[in-house]
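Down below are the structures I want you to see.
You will see chain A twice below: alongside chain B first, and alongside chain C after that.
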Partner chain A sequence: MTTNLPAIYSFPPLYTCQPNALIREQQLTVWCEIIVEFAKKERVWCITAEGTPAKDGGDKQSVFRNDVIQRSVKSTFIEEIWHKMIETEKALRIDSDSNYFILWRSLDSWSALILQWFESSGKLNQVITLYELIEGDETLGCEFHGMDSMLMEKCLLRLRERGRASLLKDQNKVMGVKVV
Partner chain B sequence: MHLSQWKYVETTSSGQPVLRDNEQDIYVEQVVGLYQGKAKMIGKQKGRIYLTTQRLIYMDDAKPKEESIALELDDITSVEYSSKFLKKSAKLILFLLKPNGSSLREDKERGFTVNWVCPICMMTNESSSDLNESLQEMPPCINCGIRADYEMLKDSISRNLSDSHGEAPNQDLGSIECPACTFLNNLYMSNCEICGCRLPTENKAVRTVGFKDSRIKVKLESSDGIYENSKSYVQLSFRKSDGTMLWQATQKVLEDRERKRNSPILNQGVTTVNGVSINEEITLTEDKLSKVGIAGLEKAQENQIIKNDILLNKALTDLNSLMNLASEIELLYDKDSSAKTATKSPFLVVDREKFLNKSLFIDEIAREVYDFIMSEFKEQKEREGVILITLVDVYALYNKSMRIGTGLVSPQELREACEKFEKLGLRDLTLKKLNNRVLCVSSGDSFDFIKGKILKIVSAVPGADLLQLTQKLNSSSSNAWTVGIIMEVLQNCVNEGNLLIDEQISGIHYYVNCDWKIN
Partner chain C sequence: MNCCNSQRTLNDQIQMNLGYSALEEVKDCRYESVTSQLFKKQNEEITSQLSVFQERLIAFAKEHNNDLKQNPDLKIKFLRMCSRIGIDPITLFDRQRHLFDVNDFYYEICLKVIEICRITKDLNGGIISFEELLEGFPTAKIAMEDLEKSVDMLQTLNGGFDIILIKGKKCLRSVPTELTSDQTKILEVCSVLGYASASLLRVNLGWTQYRSNAILEEMVAIGLLWIDEQAVGETLFWDPAWIHHSDIGI
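After this line comes the complex of A and B, so read on.
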């Protein structure tokens, strides 16, 4: 895991909350970058508050732990990091549980990307199911392939706000989308 | 022209006199001015008078190194006190002993030979009178008979102390035997090098020949009114106090010395020497013609009483001498044990009771502390160039050395004393506050110095903890930098952002901050 992350990930003081406020600010920024980098490389959409990917079971390593140099971040400091993540809109808190969506692109950027796909693949004015969009063969090369469905919903909601999409709901759950 | 009784006095860097062995200070008087005869002595108008068991020392407040001066108590014949009257401040008049022997000028002629080389025939001449520019006619050369010019032979003049009368070299001339310990001292010593005892003054005339201590600077405002044959005297003028304490103390010391001098040094309190009684034997010759009757009985009774009396007296004297001996042995033992601990020069004993008010006492403590720190951390200062100690350490070290006469100095007093450093002109040390919380005594920019040093170590050894840092810093010496100081410096570095911390169960490790720049 550490091989994919910047060198500063192996710097022991990174794991201790620095007393100097100015330095701590930069430290938090570094942490945000690390988490985003981690999520992007591992294609993890959702991370628990403890730093482990929310899906794929519990065997995955927490981003806040570095076994190579035997350091881990204290829980109070983890909270501070999440706070910073949300503040800079790098993460989105999921209300139902205490997990976070990691946004290595902003919601607007995602929705623009999705819209672009609809336009380029000639799917305008057609009903496309959410499943097709996420897991379908046609989106295989796209960056949003495999996206968490809840996150996809939020992106599509953005499109609806712009008046470009209408959502089809079944039992209060978004099942399909029609982009005009 | 200054009186020959003025003596140079060695001073410490903080403006305290350096005492001799066996010398103890008795009383300190503040704000005193000096007069020689009737004239004010310029530059010696505000200082402290230290009364010790051997000297009266004047320490100037402004320039202790240059203006300080001392009088030997042995040179003082009597003291007189004149009280304050209108604008005239209270004065203590000290009458001085005349310098021994005949006047200096005669001594010069007797004790000197002057060698000079004739510039014409290169003959080395010897003349008994001193040669100088003011001389009208130079003596003629004994070889060629020509009077040379002073300018031409001034380089070749050398003055010898040898006796010009060609007497056999006297052993006493080169050295003086101490009356107490028999050590042969140098001619110019006034006190014994070994025991500090005052050396006899018979040879003083010889000793003072041509020797004028250039370290003594005396400038008078006007003529001192002391003539060749009149009694010379010195006045101490008390600007603040009435000086009666010093007067009484001086008088007492002089009396004590007088008494001591008159009492025999050897065989004190002895009743018998080699079995022979020193005291005159009271022998009662029995009246052969013994009286009869009541008169006879009375006589016998009287005799009996006298005999008993003598017997009792003898017994008591023996007991007394035994007690004397015991106390002397006790004294000797005390001295011996204390001598082992105090290997350096004898310390001044600062006693609260010697000071009229608290601020004067604090002043004295400040000087003491300054001196103490300077000597205690001399090694570190020489090697590193700086001193930095927390006040707590100073407090502990200082009180451990136990130099205050009555009890220990309180933390409050120590702090006040350290705050006075600058006011007293002790500029090498200042009181600093580290991180707005820890008071330190430091010299120069010691803080930046140690900070730089620590940063260097941390960049060489990333992840060093306090223990490692302390060991590295003190690798060349033992405990020059205390943990307290290092912790404060680290704290400062972390607060300023020079260092990053890595907190572990094992302790805090320090790293240099290279990635996250502030400002």
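After this line comes the complex of A and C, so read on.
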């Protein structure tokens, strides 16, 4: 896991909350970058508060633990990191459980990307199911392929706010979308 | 003026004793004026020679402008030659500015150096090694000599930037605080393993626990070191310059 992350990930004091306020600020920024980088490289959409990918079961290692140098981040400091993540809009807290969506693109940017796909592939004015959009063959090369369905819903809601999409719901769950 | 003065005294002397010695004085005066004239002539010649040489250098630089720009090796040789005959190459370039990008090139490096210092200031407390600075130029082809030259140019900004030596390695300090000799020693210890600790300082420098802790904590306060509380045994104080070594593994 360390191979893909910046060199500072192997710097032992990164795992201790720094007493110097200026340095701590920098440290938090570095952590945010690491989490985003980690999520982007591994294509993880949703991370638990402890730092493990939410969907792949419990076998994956936490981003906050580095066994190579035997350091891990204390839980109080992890909270501070998440706080910073939300503050800078790089993460989105999921209400139902204590997991977080990692946004390596902003919601607006994601929705713009999806809209672009609709426009360029001629799917305007058609009903597309959420499953097609996420898992379908036609979005295979797209960056949003395989996206968490709840996150996709949030992106599509953005499109609806702009008056570009109408959502089809079944039992309070979004099933399909029509983009105009 | 001198000549006039001596002339007057000479007349007095001639009136006093019309002898050989008086004539000798006159001769001396003539010799003096002749030698000074000779020197003057020589001086003029040398200055004109120098200016000719400067022009030749300019002509050379004009001709090989692109080579100078692209080939750091050639540029270093060129600059070395300039400095040997006592011409600051940078003033040389200023004459026909549009011809030489070399100077602009240095200004660019200066700007970049300042930028890197600002960006990394919170990370390393304002001290950055030259190697690390050089890594900040991934795209442009820049030799260490260019970097050093640019840092020298930064000195004209009057303070703010200072070169310090840590274990023989050059570092650039971009914050106004001076490093005390104790702090420098700690940074030297850090350059071996990446960190310093109270026991390490006791063994290597013979410092007491109090002295070590006081200085280490002060250095954390000004942002030169990072604390690591998860090491076995005692608290470690890491030098952020070590971040780039972390890649290689500890």
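Operating definition for what follows: the second predicted complex is superposed on the first by the 180 of 180 C-alpha atoms of A that agree within 3 Å, B and C clash if a C-alpha of one lies under 4 Å from a C-alpha of the other, contacts with A are read in each partner's own complex, and residues count from 1 in each chain.
FYI, contacts are C-beta pairs under 8 Å (C-beta built on N, C-alpha and C of every residue); 3 or more make two chains touch, one makes a residue touch a chain.
Being a predicted model, the structure only gives us computed values, none of them experimental.
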item: Clash-or-fit label for the pair chain B, chain C on chain A; value: clash
item: Contacts of A:123 with chain B and chain C, given as first, second, both or neither; value: neither
item: Contacts of A:11 with chain B and chain C, given as first, second, both or neither; value: both
item: Which superposed partner A:145 touches (first chain B, second chain C, both, neither); value: neither
item: Partner chain(s) touched by A:178 [first = chain B, second = chain C, both, neither]; value: neither
item: Contacts of A:72 with chain B and chain C, given as first, second, both or neither; value: second
item: Of chain B and chain C, the chain that contacts the larger number of chain A residues; value: C
item: Partner chain in contact with A:160 - chain B first, chain C second, else both or neither; value: neither
item: First (chain B), second (chain C), both or neither touched by A:22; value: both
item: From 75-83, 363-371, 381-389 or 471-479, the chain B stretch with C-alpha clashes against chain C; value: 471-479
item: Overlapping contact positions on chain A, where the chain C interface meets the chain B interface; value: 8, 11-13, 15-16, 18-20, 22-23, 26, 71
item: Residues of chain C defined as touching chain A within the complex; value: 122-123, 125, 195, 220-223, 226-231, 236, 238, 240, 242-244, 246-247, 249-250
item: Contact set on chain B toward chain A in their complex; value: 463, 494-497, 500-503, 509, 511, 513, 515-516, 518
item: Touching residues (chain side chain A, partner chain C) in the complex; value: 7-16, 18-20, 22-23, 25-26, 68-72
item: Complex contacts: residues of chain A adjacent to chain B; value: 8, 11-13, 15-16, 18-20, 22-23, 26-27, 30, 71
